[in-house]
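You will see subunit A twice below: alongside subunit B first, and alongside subunit C after that.
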Partner chain A sequence: MIWHIIKRELFDHINSLRFILTFLILSALMVTNAVVHLQTHQDRVRDYSEDVTNTSNELKSRTQLYSLAEKGPGRLYKRPSSLSFIADGGEAYLPRRTYNEGSWSKSGIGGRVKSNWWLSYGSVNPDAKDFRPQATKIDWVFIITYLLSFIPLLFTFDALSGEREQGTLRLCLANPISRPTLLIGKFLGTLITVLIPFIFAVLLNLAVISTDSWTQLSGADWGRLGLILLIATSYAGIFIGLGLMVSAGTREPRVSLVILLLIWVATVVFMPSTLGILSTKWMTPVQTDDQFDASKDAALRQISTDFDDRMQTIKEKKSPNLLSMSELEKLFETSPEEAMAAARKMQEAWETEGDEEMALKAEYINKDVEIRERFNRQHLDAQIAQVQRARDITRFSPAAIVQYALESMAGTGFNRHLQFLEHVHRYIKQFREFIVETDRADIQSRHLIGIPKGMSEKPIASEAIPEFEDKVTFSDTFNTATLDLLLLVLLLGVFLSGAFIVFLRAEV
Partner chain B sequence: MLETRDLTKVYNESVLAVNELNLKVDDGEIYVVLGANGAGKSTTISMLLNFIEPTSGTALVDDIEIPKFPLEAKKHLAYVSENVELYRNFTARQNLSFFAKLGGRKKVSNEELDATLGRVGLPEEAFTRRVKTFSKGMRQRLGIAIAIMKNAQAVLLDEPTSGLDPKGGADFLNLLRELKEEGKAIFMSTHDIFRAKEIADRIGILVQGNLERELTRDEILDEDLEALYLHYVAGYEPEEDATE
Partner chain C sequence: MLRNLIRQEILGHLMSARFLAAVVITLLLVVANAVVLLEDYEQRLARYNHQENVHRQKIQEAKTYSFLKLFVERPPNPLSVFSSGLDKRLGSTFEIYHGSVPMISSGSARGLENPFLNLFTKIDLVLIFQVVLSLMALLFAYDAISGDWESGTLRLVISHPVRRGSILFAKYIGAMLCLLLPVLMSLILVLILLSLNSTIYLSGENFLRIGGIVLTTSTYLSVFYLIGLVVSTITRRTATSLMICMFLWVALVLVYPNWSRFSINPVGDTSAERSSTNQQVEQIWEEVDREERQFIANSPLEGESPRFNLSYSDWSSSWGDRRRQINAKVQKESEPLVPHLQKYNETMETLYIRLAEQTALIRKKNLDNTSLRKATWDERLMKLSPAGLYTFATSAWAGTDLEGMSDFVRAVQDYRRTTINYLHDKKAFGSRQWFASDQGTVDWWDLPQFRFAPANAWENATRALPELLLLLLTNLALFTVIFLFFTKIEV
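Entry: the complex of A and B
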């Protein structure tokens, strides 16, 4: 029975002008997307490969453990997704790498102290040179978000109100067919109608993309593609449910069309772009760069002063009769020769580096790195938390939910960036452990990480140095998309149930 | 056989649309219910088709209680509405085939479809024409073809002759007679008293939800139906003879 209704819906839709237009528009947009991808993806992949090779060569060229500790692993690059044609993810506005910093040195009472590297995340958008608004990216996200919400409404606004108006609804229900069966038939019929041109356009898109040797899709990528199609289907289903619900509750098709258009503009166009901005009004602002620098500098000054004081104490303990700087200046006025001798003695004492001084220097350097990274991380976490809150608020819109889900599955966008950072942090830990373990294995080392004389001087094999790998597995992408997938399924259930309730209560 | 037992519908707990309606349509009988707009004719048909739930009372078709077993009951009911629009992009054959399958028919051959379309008087060239090109009379014929195809025991017709030209109306009544001959129980609502008089075995006059009068075939032929209708529906009294 239900099959007859599905068939009728299909026949009716497929013979309509709106179906032909849907077919043409979806196909044109998908081909455009594929062509643009072919033009840009090659450069992206090539740049990434070159950058990674350079970093790797630089890393392998370091044969001393100290130079690894001092210079770090180099820039770490985010691997471009092979499915970036599906979701651009605003990658242009996200950093594509992390930085190694560590360039200060200071001389003083303890002799020269040179910094070790620390991890820095760079600004939000280090690569963008131009902040002018870009033309809309025609990726799958755009096509799905806008068209797979609009097209279902075009096919459903008159699905029940139109049939009620022309009397066929009564004629159908005068037969041994329940309202839920009729509604499910209409739902499935419309869903298949929407999916036919969409799947065709997708195949067209993939056919064009498959000609590109720079885009190699793995088994996991095909799995992700399958899920992306399911997400698109659920999203279209939500709007079919909405269309049927409004159509069931109105008597005239034009009234349901107006209501649905208003809902579409509000939920698909207005909410995703505006809710995030509005939500920032109620958020605690993240520190500005100046505030962040000021608080970090205060903490660094504190450990620097502490270091100087402790070094002074060590030196005084070792050479108790040394003059202070003011005493030296006074002596210089009265007896320059004596002052010069005293100064030489002072310099000698400063440059004499015993275990105690080295340990203090190592502690200072490591504390410096720890503070800088802690502040960088806190600043980053505050920024991430703010973005997360804004994203949570925009999740009132199904368009935002589907965008986040698609980005997660395609391995682009904000969630992907968080995965990259997680990989970076995991790697940094591994890299530092490698230095400590290698140093520990050398019994001649003083095991004072961070200073040249405190570490193993044995040459290290380049292949033993861990290398950064930014690999995203299927489960990584699936896990990040879980919340949005659940929300989509929930919304689908809500709108379908809504359609049922309204239709069961509606007059025929 | 079609029957209502104290069938009542009250809208919004205050508007009485049908009040304790008791009537019975036997197999091979045409029962016409007359009434003005808002008398409760369409509400009665809607309850018989389970489009709306009765407030109290019940209705039966072939002894199946419609509100309790609507899907089973609808297998025994065919329906022809006032304005049979049908699916405009479908041909007559496609419409007929679709509704036949919806009515429970598993397989329907083109020969059977064409035979039914021919029986209701549709010209052969119209079988494969889209319904949006049909006149009201042609759509009405197609509507009755759908009812015939379902082969249900009871046929409900809601103002089926409104808007039909005299020939179309006459043809339509002939089709109803044929269905009657086949033993169908036919329940028709209308305010067309002339066609009612011509075809009905019994007539019920519905006023504000109450069945005010029921007439047998003999009474229909004997009485001035128009005066009776005006009396019940509009409250007109026949003019008294001046000589009396």
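Entry: the complex of A and C
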């Protein structure tokens, strides 16, 4: 019996005007998406591979262990996803590489000290110089979140209320058909009707994209695509459930349509951004750049003066009765010759470098790197936490859930950026361990990482230097998407059972 | 009779569930977003005031003329609450330096608290009207004719001695009044929220501009209502007309504006243009090096500029590209060389000013041909949809469009010229205080202040006029089409 109902629904829908319009609009958008992807993806992949080769060549050209510590691993790039046509994920607003803030050197007591490389994350704000009007990218996320919710509503708003108005519902239920059967029949019939044009458009899209040699889809990618279709299906199912629920609860199809459309506008169009921005207003604000710089500088000044003091004591211990700078200046005014001699003595004391001084220098440099990285990391973590919380709140809207799930699947967007950062951190750790290990292998070295004289001077084999790899595994994407997938299934269940309850209680 | 018809239409709408739902949803969205937007504006205002103070302090810190670090901050526009346009996006801090002319693209946007928050799309009040009320307009219209036709009331009404034109007119007036009601109600709510807020002050001109925005909103909504009426008259079946209306709405409001920006790149690749501009600018700056060498050859100054062969007892400097900021104390034995150094500075800095204006012409041409051309073409394409026309018309009213931003940049450029004149009047470039503070630091008390008055409401109106006229024309065309169809329609 249920097959009969599904079949009837299906034929009814397929013959309707809305089905043809759905077909047209979905196909047009999917083709546009594919064509634009073909035009832009090539450049993205080429740029990435060029950048990565540059970094790796530069890294391999370094033969001294100290230069590795001083200059660091170079820029680390985020690998562009070959599925970026599915979800753009606001890539323009996320840095595509790590940055290098620069270096410093300081001279004074104890001679010259030069900084080592530290990791900084950078930030991008492309809007500041962009006068072009803002628009959302037409990716699968756009097509799915907007259209696969809007179209199900257009197919279901009159599914029950319309039949009730015409009286066919009463006729139908006079036959030995249970209400749940009727509802499930309607649900599945509509779902299949919506999925037919969608799947067709998807195939069209993939056909165009497969002509491109720059986008090669691996087996895991096809697995992801399958999951994406599943997500799209359950998302459409949620809105079919919602449509049936409202349609069962109202007498007139006109009223159910208005209610549905307004719910749709609120949840799909406005909630994902409004809730996100709204929620940040009640969170504790993140430090501004000025505040951040000020607190970092204070910490750095602290260790700098600390270093000066300790160096001074070491020098004083080694060669006592050295004059201080102010005393020296005073001496210059009374007897220049004597002062010159004192100054020469002072310079000599400064320049002769013992183990103690070197150890202090190395300690200072490493502490400097540590503080800078810690502050950068804390600032970044605070920003990330704020965005995470805002995203959690936007998950009230199923459109946002689908967006995040698709981003995880496609390997773009915010979660992907976090994965990239995690890879970077892991790599930096590995890189530094490599320096320490190589240094330890050399018995002639003083094992003071961070200063030229303290490290192994043996040339290093370029193949031995670890290289950065930004590879996303299938389990990674699945882990980040699990919550969203669960939420989607939950919502589907809620709306379907809601439709059941309302329909069971409804008078025919 | 006409009044009766209108009254009946209005009552019919007002009593309907859709009207109630429309009002509730619009007001909810408006209030939720207005709270956020107002708070956001307040924050930006606070940051603006903070930055202004920082800039003022920076002036006082400058002990010599060359050390002057002059910045100008763009104040946030209170009407960005209605139409955010470019106001929140573009960089708002401009540096005033005689050796470089500020352009619209040279504003910097430092101090953003969390750049990741850009991931959430920005919303303004106009967007709510644009999306929600256009949908409502179509929902009011889709069964206006076809519904009456199906239920037979149309025949009943026409059997009375009323002209068909007046039936149409009554329907139009009734629906438009009902559509404007949520607009006005949300406007009142926003104004109440505004008045609760003590930091935001709206001038009389701003009320005129808000009036302009309301006017544009009503013409925009009227376009959608008329589209609905056309579809309703042609199809004669409510179900068909509804589907056509809904898909038209999706296409015009949601899809097309994004689609045109996403898929069409009317200007093409401009990187060649950019690199040729950079080359031209480089060439111009080579002239500086030539003249510098020539000057040094004819002068007793020797050695590396800017220290030369003078000896200093104190020296602090800061370098930018071709920019030297020096604060030094010259020792007695170098005193005879000081006039030459002054002459050198005067020649070089006036040369910088001249060449900066030359490069500015080239850079402006490049900007016009690349970024600005892209922006205007994107605008034109987007304006093929009424939703695009509406967006740009309202941002023109609010002054947050490209023109409004250019106004500010022009004021900044004027200010640069004023400060150059000031420095000339003080003979600063050739003075000792340009590089040395040993004979007293510079007193900045009479440095001209930056003032910016946004374009007046009349100017905003003329800027919004083309889009407004296009919207009105669309209205007129649609109305004629309906009238033709409706007079011929068989009842």
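Going forward, the second predicted complex is superposed on the first by the 497 of 508 C-alpha atoms of A that agree within 3 Å, B and C clash if a C-alpha of one lies under 4 Å from a C-alpha of the other, contacts with A are read in each partner's own complex, and residues count from 1 in each chain.
The rule we apply is simple: a residue touches a chain if its C-beta (ideal position, glycine included) is under 8 Å from a C-beta of that chain, and two chains touch if they have at least 3 such contacts.
For clarity, every value in this text was computed on a predicted model and none was experimentally measured.
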item	value
First (subunit B), second (subunit C), both or neither touched by A:Thr280	second
Which of subunit B and subunit C A:Leu483 touches, first, second, both or neither	neither
Touching partner for A:Leu154 - first (subunit B), second (subunit C), both, neither	second
Subunit B versus subunit C as contact partner of A:Arg170, first or second or both or neither	first
Residue contacts with subunit A in the superposition, subunit B compared against subunit C	C
Touched partner set for A:Gln386, first subunit B, second subunit C, both or neither	second
First, second, both or neither for A:Leu217, with subunit B first and subunit C second	neither
Subunit A positions touched by subunit B in one structure and by subunit C in the second	16
Subunit C-touching residues of subunit A, taken from the complex the two chains share	16-18, 21, 25, 29, 32, 35-36, 90, 93-94, 123-125, 127-138, 142, 146-147, 150, 154, 158, 254-255, 257-259, 261-262, 265-266, 269-270, 272-274, 276-278, 280-281, 285-290, 383-384, 386-387, 390, 394, 414
Interface residues, subunit C side, partner subunit A - complex	17-18, 21-22, 25, 28-29, 32-33, 35-36, 39-40, 86, 89-91, 104-105, 107-123, 128, 131-132, 135, 139, 143, 239-240, 242-244, 246-247, 250-251, 254-255, 257-263, 371-372, 374-375, 378-379, 382, 391-392, 402, 405
Residues of subunit A that touch subunit B when the two form their complex	1, 4-5, 8, 11-12, 15-16, 166-168, 170-178, 507-508
Residues of subunit B defined as touching subunit A within the complex	46, 49, 51-52, 70-72, 74-75, 77-79, 81-90, 94, 98-99, 101-104, 143, 146, 150, 156
